[in-house]
Structures are given as structure tokens and as C-alpha cells.
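Which chain is which? They are A, B and C, in the order written, and residues in each are numbered from 1.
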Amino acid sequence: MGVGIEVTNLNAWYGSNHTLQDISLHIPANHATALIGPSGCGKSTFVRCLNRMHETNPIARVTGSVRVGDLDIYADAKPVQVRRRIGMVFQRPNPFPTMSIYDNVASGLKLNGYSNRRVLDDIVEKSLRNSALWDEVKDDLKKKSGASLSGGQQQRLCIARALAVDPEVLLMDEPASALDPVSTSKIEDLIFQLKTQYTIVIVTHNMQQAARVAEKTGFFLNGRMVEFDSTHKIFTNPSDKRTEDYITGRFG
Amino acid sequence: MIEPVTEIRISQPHIQRQAPSPDEGIKVKAPPPEPSPIRQYLLTRGNSVFADRLFHVLMVLCALTIFAIVGLIAWELVTSSKLTWDKFGFGFFYKTFINPVTNSPLYWDPVNEQFSAAPFVYGTLVSSFLALLLAVPLGVGLAIFLTEMCPRALRGPLAFLTELLAAIPSIIYGLWAVFVLVPLLREYVNPMLTHTLGWTGFFSDDNPTGLGFFAGGVILSVMILPIISSLTREVMSAVPHSQREAVLALGATRWEMIRMGVLRNARIGIVGGIILGLGRALGETMAVTMVIGNTPEIHKSLLSNGSSMASVIANEFTEAVSDMHRTALIEIGLALFIVTIIVNALAQLLVWAVTRGAPSQAH
Amino acid sequence: MYEESLKSKMRAFTDHAVTALAVLATILVVTPLVVIFGYLLIKGASSLNLAFFTQIPKPEGENGGGMANSIVGSGVLLGLASLIGIPIGIGGGIFLAEFGRGTTLANAIRFTADVLNGVPSIVMGLAAYALIVSPHVSFLPFLGHFSAFAGGVALGIMMIPTVCRTTEEMLLMVPHAVREAALGLGVPNWRSVLSITLKTASPGIITGCMLAFARVAGETAPLLFTALGNSFMSTSLNRPIEALPLQIYVYALSPYDDQHRLAWAGALVLIVLIVVAVSLVRYVASRGVLKGAS
């Protein structure tokens, strides 16, 4: 089961660049929420603030609060702990090149010290089934390396890897942008199934994708969140003119 | 936000709640589901702050050993050469004593504890510059051939061969020089040089052994050739093709294209490569020791026996009995250390300036 | 009709002359290499027999014997050197690539490492002598006398800059995405660097270590007054020890033909070791450093 995310007055800087300004919103549990906006508007930065990944950049700074379920992820926990509960799938598939498919999926657990072989087998199978990859790789789990799969398969492998640690939230930063249309639609089907078990936040520059998979959508522009509402409303009757301009393709 | 809603049923004994009256229909929030075993396990894992910090510190320490090594070498050499420095000062490097018996210059006299490093400085400089004289044209020529003229099929094997040349240890060059090069010089080359160029004063025939500055310079040139060649190749390849094309478009011949389009742009880097080669030549020990003759004297003739800073240390250190003798040798080592550091630092700066910080692979 | 002027003929001539000179330079460079290898093979191969690898040197003047003690001694010295040089070098490389990227400290360390690479090996030997062999520290173990320990340390610190720089280069080639993937799973940084980044770059790092190993395997000067040499078989770190290049040096300068013969044989063994290492390095490098990385 997923949890909701409460963001209050989030501000983010990269050095002196004020990338995010006063973001406040509530992401509902067990739903898919899409974040759209032109490139450079800060939606990727926002999502990376949700699992403290932006801190991997030494000049990054954040104020404000982010509560995931009952946990204030900045005040009450360290980045490593936060990232075990909030998973992330990146824009370009990034399976570990030296590991087999099995080891890739199990890596989040093995690298955190878990070693029970039977349980790992179960989890690997369950995660691969959940990411619709099991049938394609079940015979080559330990023989093939993670990098030998096609782009779409690699991305589903990364999703399986993220799911294996049983996160409460799954963040997806433009997960299908580097993939062909067939893989893209497979991943969108996946999101549909996954959102019953997890809370999903998906960043996308593809508005049709947002309309297809998400119940709620947020429109970002220049580091601010302009509008956050149900997807239906955003795409049919947006309240803000800037949203309407973006939707209708006047810029971005 | 949608919240899960469950009616409490009496048949679920583990839920300790009062059953509502049938007509009330109270809606109560169900307790959140138990976290899965995986989630529970991961929650027990710590925040690894200590481990990360420890790791960071260890890595910093490893990196700092490089500073420590340089500092330690400098410290040991300075403190161990104090004796000689106190006695002779800076004159150690150029003073000339006179042998009262023969009335000829005497530099290195362990018996009477009179030490001057002048012949070794001379020998190092002479052999190194001779090596450069021979290696630079050959090395640059090889680099030009490999980058601009070589048929594609030959390039790989030739580059591999050059790499092998760089990998051969000094002792093997020395071995070959003693048994092959020196006899060659003795029988054929030296007499010819004396015959044709003896009038310059740089070649005289009073050393029949074949050893000497010239032998040292020749073997040194073979050893520093790969460095000069590979660095020249590197900086030549870094020149963008547009430069070459621009010159060719003006109707230049291939050599003119190389000269104006490539060498002109790469010359700072090539100079850097040459200085790097010089740095290597200054410190080269084994091969030089075996062929330079190990005589602490200064002569104009390149064919006479001599000695270099590195070679005298290699030759005499284990047999040095007196403290003064040993510290004199250590002071020579200190001078070598300082000079090679300066030369190499200069070369690195030049090469870096041209290749813009791309990692050097010339070692 | 276009007339070829004298100047244009001169230019063409110069062009051809330079080409000829470049080819000549190439030939002049390749020749000594071929000749050296030829001599090593011809003079060395005939002396390579079982006795060479199993016997220790005979007393001066007697014929026969072998260089078993120098092969074993080189093994001991190189083992100690690797134990010192490889971990510290890799640690330094990890710092430069993972923690210090872009900082002034890292730039200073990198520069110093490159400069240190150019310090003559005899100076390294002198420093090791002053540090370890010099009599004034004779109250501590391993210190105060010639020993394999001193030689191993001298060789080990020579390995550090090379291993450090190649480790850094290889780690920098690991795509940032791989690191992000590990961190995103909540893997601690230290674990991510060691188990993911280092492992991904390991083919290249291993070849860097091999290169450093091959380089110090042939070094003689730093051993002259640290390991000193030993005519008998010894594996003790606390006593002088023989090494292949050292023994070659002594034999080359000896008046006995039989010892010259052994010197050639030893040189052949040494060069084979080095050629194998260099060829392996080239082979791994050509296959691509990152196996299977996208």
C-alpha cells in the first residue's frame, strides 16, 4: 500500500540558482500523479527533492518540508533511509552493467545486506512479474547481464529493481522518453497496474501520457507550480491561462 | 483523498473494538496494513552516516599519501645531506679542486674527503642533451609518420612497438648497450666520428673502450624516444581536422600542411614532450651507469669516459665508508630530485595546457 | 598551360624529402627494438634450462647454476610492493574521482602524482635507504639494515602514483547514471562506490595495476641500496634479498662469460614478463573498459 506525500513551501537551489520556488501540494496515496511543464521548469528537480536525490549534487540546498506518510523526510531521516522507502526510475534505463538480471533486481536488497536466498528468489520473481518482464527473461535470470536487454526491457528491469525493495512511493522521471512507442505503451500499462499498490509520481513532457495514466496532474513553470488539479480538469478546463497556453501548445 | 473504509465484523476476533449497534453503521478507518518483511528489514538498517564518513576519511588519507611521499623524500634527502651542505655549500656543484701531485683538476676525492659534484653535473647535462639531440628529430619524425603518413594497417603494430620500447626496463637497455652497442661504437662508429669530426674537439681518439658520454647519450636517446614520440602524437592528434583542411584548401603540399596546420598548433605540447623526455634522461640510471665509464672527470671530447649524477650514486653508494662520502652522494640525489621535479612540473604544465587537462598516458 | 615554377618544384621536393626522412626516422626507431629483442632471444633462449629456474648462483668462477633466488626474490619484493601500492593507489584514485572531483585539493594531488612519476627511481631508493636502512633507527624491527622490506617499500611507493591516476581515469569513465541507480536504491555511498562503481571499472583498474606492476618489476636502481642482493635463496622480509634485475646488473658487469650468459637469460625472462603484461593491457583496453555498459 502506498502513502500520500505532503509538500509544504518547498524551495530548492542549485548554488545560487533558485530552481524551485514555494511549492506546496498534496500527492494522494495509491494514485498516479503526473507533473508536466516545459523543459527546465523544475519538475525533475522537484521529483528529486522527494527522495533527496538532488543532494547528490554538492551545491544543492532545500528549505521547506516534505512529509511522506508520517515521515518528515528532511527532519526525521537521513537520505539513505529515505531512498529505501521511496524508489526512483530514471529517464535513461540504467541497469548495473556488471550484474545479471537476477542480481540487478536483487541489488537493492543484497547491497543493503539481505542474503536469504529463498526469499530473494521470491522477491525477484514477484518484482519481475509486477513489471511485466518475467515471461521474457525467466529462463536467463542469471545468465544474461542487465545491459544485454533492449531499451524497453532495461527500463522494466529498472522498475523491477525499484519495486524489489517494496517502496511506499515510486518516482518516475520521464521513464519512457528514451523508449520506442511499443515499450512506452507497455510501461504505461504497467503504471496503471502499479498504482493500486504504490503511490506513483511521474514526470513527463508528454501530455497525452499524463492524460492516459494519471488521476492528478501538476503543471510546473519556471520553478513554480502553476496549477495542480485532477487530470481531467487540467486538460479540459484549466483555471490558469498559462496552463491553457501550455496545453494548447503555444509554448514548450 | 480517498480513505479505505471497512465495517467492523464480529467474526474478526483480532480487532479489539466494540461492535456497533446494527443501526449505526459507523465507518471506522482500518489499521494500516503491516509493513512487509522486506520493508521491516530495511527499516532496521541504519543511516550509514558513520560508515560513509569513515570511508571518506580513509580515501582522503590514501590520496594524501602522495603529498606525504614527496614530503618524506624531500625531508629525508635534506636531513641526510646536511653534513656535505654545511661543509661545501652551493659550491659543491661547481667547485674545482687541484690535485697537488699532478696539477690537474680533481673533483671527487673520497680519500681526502674533498667532494665536488661538477663532473657529474657535467656528465648528466652532456649525456642528456646529446640524447635530446638524437631523440627529438627521430621521435618527432616517427610521430609525424604515424599520425599523418602511415598506412592504416601499419599504425596499430607500430604504435604497439613504440609502447614496447617504452616498457623495456633500463637494465635491459644497459645489458644490450654493454654487449652490443659499445663494441659497435668502439669498432666502427667512434673511429669514424674521430676521423670526420675530430677537428671540432668533440671527438678524440684517446679512449679505446667505446664507453663514455657518447655511448651514454646514444642509449639514453633510445630510451627517451618513446616518450617524445607518443606525446607528440597525442598533441598532433588533438589538433582538429579543420586546421589541416584549411591549409590544404590553400594548395599546400602535405609537408606544408603538417608544418603550418599541425605542428604550429601543437608546438607547445611538443616542447612539453621534449622537456618530459629531458626529465627522464636526467634521472636515468642503470643503462647510463653501464656505459658512461664512471670516471669523475670533465673532458670536452664526447668519447671520453665520464660520469653522471645518477651513475655515481649507483656506483659508489654501497661502498661509501665515510659519512661525508655518503652524504655527498645523497646531496647529489637531492639535487636530482629537485631538478627532475621542476623539469617534470614544467613539462606537465605545457602538456596540460595543450591537451586541456586530458589524462596523460605517456608513462 | 600551367608552368611549374622553380618554387613549386622546390615545394614538391621538400614534401618528398620530408616523407623520406619520416620513414627513415621510423626505421631508425624500429631497428633498435627489433635488434634488442633479437639479441635477447638469441643469447638468452639458449641459456634457459631447468637449472636456470631451480638453482641458485654458483660461487664466482664456477660455471652453471641459475637465478632461482632472484626470481623468488623478485616475487617477494613485488608482492610486498603490490600490497602497499595497489590499495593506497586505488584509494587515492577513488578520492580523486568520487569525492574530490573539481576541487583544488584533487587537482594538486593529481599534479603531484604526475610529477612524482617522473622522479628518478634511484632517488626513491635513496629515500627508502635514509628512511629504513639508515643505522640510526636500528632499534625498531625491519629498520636499520638492508632488507627485502626496504626494497618492497621503495617499489611500493613507486606504484602508488601510477595506480592512483589510472584508477581515477577508469572511475571517471563509469557513467553517472550507474551511480545514481545505486544511490536511488538507498545504498550507502561507501557501498555504492565499492560494489558498483569500482566493480564496473574493475577491468580498467586491473590493467592499470598490471602496468604499474610491470614497470616496477624491471626496476633496479631503487633496490641497489635497499634490498641489496643475496646469493642465497631467501624469502625473509628482514634480510637482503635478490631480485632479477639486480642480478642481471651484477652479472652483466662481471668478468665471467658464464655469468654474462645468465644475465641474458634473466633479461629474456624479464622482458617476456613485461611483454605479456603490456600485451594483456592492450588487449583488455581494446575490448573496451566497461564490459557491457550501455
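Heads up, the rule we're going with is that contacts are C-beta pairs under 8 Å (C-beta built on N, C-alpha and C of every residue); 3 or more make two chains touch, one makes a residue touch a chain.
Owing to the predicted nature of the structure, the values given are computational and were not obtained by experimental measurement.
In terms of C-beta pairs in contact, B-C outnumbers the other of B-C and A-B. Ranking all chains by how far their C-alpha centres lie from the centre of chain C, first place goes to A.
Chain A and chain B have CA centres that are 48 Å apart. Centre-to-centre separation between chain B and chain C, using Cα means, comes to 12 Å.
Residue positions 80-81, 84-85, 112, 165 of chain A are each in touch with at least two other chains.
Chain contacts: chain C has residues 186, 188, 191 touching two or more partner chains. In chain B, 42, 48 are the positions where the chain touches two or more neighbouring chains simultaneously. Against chain C, in their complex, chain A makes its touches with residues 51, 53, 56, 80-85, 87-88, 90, 92-98, 107-108, 111-112, 145, 147-148, 154, 158, 161-162, 165. Residues 1-2, 32-33, 35-39, 41-42, 45, 47-49 of chain B are the ones that touch chain A when the two sit in their complex.
Here chain B touches chain C in the complex through residues 42, 48, 51-52, 54-56, 58-67, 69-70, 72-73, 76-77, 79-80, 137-142, 144-146, 149, 158, 160-165, 167-176, 178-180, 222, 225, 229, 253-256, 258, 276, 279-280, 282-286, 290, 310, 313-314, 317-318, 329-330, 333, 336-337, 340-341, 343-345, 347-348, 359-360, 363, going by the rule given at the top. On chain C, the positions that touch chain A within their shared complex are 175, 177-188, 191-192, 195-196, 199-200, 202, 290-294.
Interface of chain A with chain B (complex): residues 1, 4, 26, 28-30, 77-78, 80-81, 84-85, 109, 112-114, 119, 123, 164-166, 168.
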